[in-house]
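Paired with chain B in one complex and with chain C in the other, chain A is shared by the two complexes that follow.
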Partner chain A sequence: MQPYRYTERKVHALFRNIFNLKSSGPIVALFIILLILPPIIPRFYTYIIALMFVTGLLAMSLNMVVGHGGMFQFHHAAFYGVGAYTFALILTKTSLPMWVGFVAGPMVAAFVGLLIGWFCVRLSRLYFGMLQISLGSLIWAIVFRWYSLTGGDDGIHGIPMPSILSSLTSSYYFILIVLTICLGGMYLIFKSPFGTTLQAIRDNPQRCEAVGVNVRRHQLAAIVIATFFAGIAGILFVVLERSVFPDLLFWVLSLEIFIMCLLGGWFTFLGPMLGAAITMALRTFVGIYTEYWTLILGIILILLIFFLPEGVMGLITEKFKGQVTSYMQEQK
Partner chain B sequence: MDIGQVFTLSALGSQFLVGLSRSMILFIVCSGMSFVLGVLRVPNVAHGSLYMIGAFSAFSIANLFGGSSVGFWLALVFAPLVVAAVSLIAERALFCHLYQREHLMLLLFTFAIMLILGDLVKLIWGAEYRSIVAPPHLRGSIAIFGSSLPRYNLFLLIIGPLVAIILWLFTNKTKIGKISRAAAVDREMVGAVGINVSWVFAIAFVIGCYLAGLGGALVAPTVSITLGMDHTIIIEAFLIVTIGGLGNMWGALVGSLIFGLTQAFGVLFWPQFAIVFPYAAVVIILIWKPTGMLKSVW
Partner chain C sequence: MLRVDSIKKSFDGFLAVNEANLVVKEGEVIAVIGPNGAGKTTLFNLIAGQLKPDTGRIIFKDEDIAGVPPYEICKKGISRSFQVVNIFSRLTVFENVQVAILSHQKKTFKLFSPTKGQVIQETSDILNNVGLTDKANSISGSLSHGDQKVLEIAIALGNRPELLILDEPTAGMSPEETSFTIDLINRLSAELGLTILFCEHDMELVFSIAHKIMVMQQGRSIIQAKPDQVRDNKEVQEAYLGDLV
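Now for the complex of A and B:
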């Protein structure tokens, strides 16, 4: 078996798939709309959309492990926070050039992901999640208390950005470009032999083991890749907000992005992005009328669990293509 | 920080007792979570919110009697019952329809309940800090090991083992306890012999939540009651239950002792990083024994 060999034909088919006008037409149109949007709409909405991008990237990176990999990645926010803090610390505490921060953020997040994942993949589902929560909480506790380095519970504010990223519009474009590159990379991984093997492991780990797939190594690789992207999302958050705080690594955020994945649809590629966008939009608009946003979120989540376990994107896919994995039903 | 001063025997002894009494609170909360986890196989994320509701209801009931001694004892009796009622409603109205679903969905459902309860507490009691006082004969402190220990902590040290014994008697000597243990091992078989498993689950869930409420009511005089106490306790409870062995009551006790004592001694040795110590202990234990110290029921 040669699961990793990219034949030339496969690559061509993949690119034909991506640049197929019929399927990618709406996405290109959406991209163009997002490009021309900032000068038209008010600043506040530009900010909200940029925040949607950042959160959406985070949710999609989580979905690589949870939806496609079937692992209980319960503390994904830890890696997001590690990426953000690494970037912020390099910018504020050292005199290294900025690109070092851009490289180091995701690398450190992926390294922490490798360390934590190495312990986690040896365990079965719920224990995997529990060990990850405890390791992630350890990181949170250290960040929360190490006042001299991380600013403790205050965090670090007013992180200096170079002039090219100083305005909201320029950081919006920066985030959009990075997001597009990341989504392209994620899509290639999703459709690659590695991605399909990962989904096969999700559906039936025993059979994959039997045909000679190294399940743990695949899972670990998926965790490292996902945490790398989570680190990138962390950097984008710093670019947008110019501050970091310990709530970025708190487990509540981890479960919130879980909800975004559920809302958008676990088993679709763009679902988590949609889920994040819906969640952020709701939070913004509900926040105008009431301060009880989490109450609304809880009710939405209950409705989702009861009526829409495949998520919004899952529903759309089902309606239009009539094919959706029935993984949830099989897991009974 | 003078080493000689810190490591005196009396300081160690008093810190040990403080940690022990903290462990008792943790044990009462975690034994409830462990019980639910054992029978229903669901990590109940809303457990911390129920603990918070227990503390807030204790405040309200004690306040009703103007902070008198009677009010405190009534709060200790009725606050957990309020929590049990809330959990019964949540279970019968929503949760019982989901038992056939995947674990992850059940976990996310309890998270939704946590979000809703958190905001309901904010709606009912507001965001201010609250506190209640212990009755006169539990105030002040007494001398043990040449150092003083608050009387209330001593009270906790009595209550904790009492709860453990009652819970042990319940699960091992009563019929419903035996049925719930059987349901933990094989729910289909329990259903096949003609027992209504759905109600067994409901009772187990309510008992677990009652313990969360009891923990909340007991902790109320020692801390300031505020929003956000659910977030800290739930993560601690999760970790304790995991290092003890999922669903094992004695595991919850061992885990609570480890967590409470490492935290207490952490305060003594390195106050700034006191909260890091228990997490580090948990990580070391989980890497050493990934499925917990004691046998898990799973």
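Now for the complex of A and C:
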């Protein structure tokens, strides 16, 4: 009896600690809106929102190492592509059941993350980033050149999906559910002792070593976790698009998701998601009027760096915090 | 407890530490003094593992720790604070200390249980001890310099060290903050029984709390003795204390 009640109490404490009501209210509301959207809005918007989910998850996974871990992960898209290609190749070139692809995608991405990360964490900041770019580009080159396996720059198209994921609406819901689970997991990690230690390493690696933290080992673990989530994002992309192509692991995409993190707010949790939504909305809606939509993104970025160095989400949390404190002062 | 045997460290041909010797016995409070550039901080960096000595031995509890990485040395029971404020500036004061305790209890790889529920009591105790309780939830980067220096010590305490190394703990502090810190160091030594090794420019502080004093000059250790003997030593007077005595 006791153990059960203890666990129950523990679970309650966990939820109280992690999800306080004030901040979870808007998130639950948003989730419900996202659930009822697809039948109401045009197909095109359903597709765009699903694509925001996928790219947002990728940006979130990048932010685990960049914003929370302080590492120069300059070529994160490589792992996204590895996850997507692994999934696509298993579905098209083997007769293995589909779930193997779902498991293998993130695992292979994380394994490649481990290999590349093992070298990268041995270097300091900027050199870390340089090595990332070169090793990531190497993977891109392999995918691009290995025509017989990957289809080269044509990619692989018309990847078969089971009937349950056949329509756009069903893949939208599938992506939304996987995204929610992933974000939940990421939030737990963000708030866990590991997450706190990682943020401490970002702030001051030297001091972390002085308090007994093996910095490299923690950084490597963070890279493996982040690349695992990037692999999941890669799979979701295939579920949505049913095709893969080398652009998925091109450095331009790495830069784009880097900008999303910056735009949304490095040091916040959900910032990159918001950054992804803003960037993709700009591309979609401004892109209709002018092909120079990146110009507008550029101007926004310049303004951002000068006026909102903490990103959009950073501004929102600051405002929110301010309200809470003033509210508390009134109560006193 | 700690014995430093004629260690040397040079940077590009410049001998920062040259034949330095030091003995620290359990429970002692030892001060290292010397003019600027005498090699005090370098000596501490060598002991705590931030730097590797070129030659010489550093024996801690019968084990040579020269060249061992800092996180390993910390696990063996040596913890240090830094001369220039060296904290986790985006984390709260509470989290700053919490990280050190989590590291000490080997909990830094816990992935799915919230930090909020971990090592609360231990962290609160330390913050209480150093008088930072009311600032526990402030972002540490926004604290005053004096408070940040105290937080420096608090982080170092998080690892429950046997030997605590403090690099100029009162540098840049106001007179009140300094006297509070002196009091804190005395309490740590008396109540927790910590062995403390520190360096300081404030002579009043050094002579009031150190059991023994080691004097360094140009990378060499001149003498290690009780405060009175150091005060009376000719070589020290010529080299350093000058008209202070």
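In this text, the second predicted complex is superposed on the first by the 303 of 332 C-alpha atoms of A that agree within 3 Å, B and C clash if a C-alpha of one lies under 4 Å from a C-alpha of the other, contacts with A are read in each partner's own complex, and residues count from 1 in each chain.
Heads up, the rule we're going with is that contacts are C-beta pairs under 8 Å (C-beta built on N, C-alpha and C of every residue); 3 or more make two chains touch, one makes a residue touch a chain.
Quick caveat, the model's predicted, so the values are computed rather than measured.
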item	value
First (chain B), second (chain C), both or neither touched by A:Val28	neither
Touching partner for A:Leu262 - first (chain B), second (chain C), both, neither	first
Which superposed partner A:Trp251 touches (first chain B, second chain C, both, neither)	first
Chain B versus chain C as contact partner of A:Ser137, first or second or both or neither	first
A:Phe119 touches, of chain B and chain C: first, second, both or neither?	first
Chain A: partner with more touched residues, chain B or chain C	B
Touching partner for A:Asn204 - first (chain B), second (chain C), both, neither	second
Touched partner set for A:Leu295, first chain B, second chain C, both or neither	first
Contacts of A:His218 with chain B and chain C, given as first, second, both or neither	second
Chain B versus chain C as contact partner of A:Phe306, first or second or both or neither	first
Sites on chain B touched by chain A in the complex	43, 45, 94, 97-98, 100-105, 108-109, 111-116, 118-120, 122-123, 231, 235, 238-239, 242, 246, 272-276, 279-280, 282-283, 286-287, 290-291, 298
Chain A to chain C touching residues, read off their complex	13-14, 17-18, 185, 188-189, 191-197, 199-200, 202-204, 206-215, 218, 221, 267
For the chain A and chain B complex, residues of the former touching the latter	72, 119, 122-123, 125-127, 130-131, 133-135, 137-138, 141-142, 144-147, 250-252, 255, 258-259, 262, 292-295, 297-299, 301-302, 305-306, 309, 328, 331-332
Chain A partner contacts - residues on chain C that touch it in the complex	48-50, 69-71, 74-75, 79-80, 82, 86-91, 95-96, 98-100, 102-104, 107-118, 155-156, 158-159
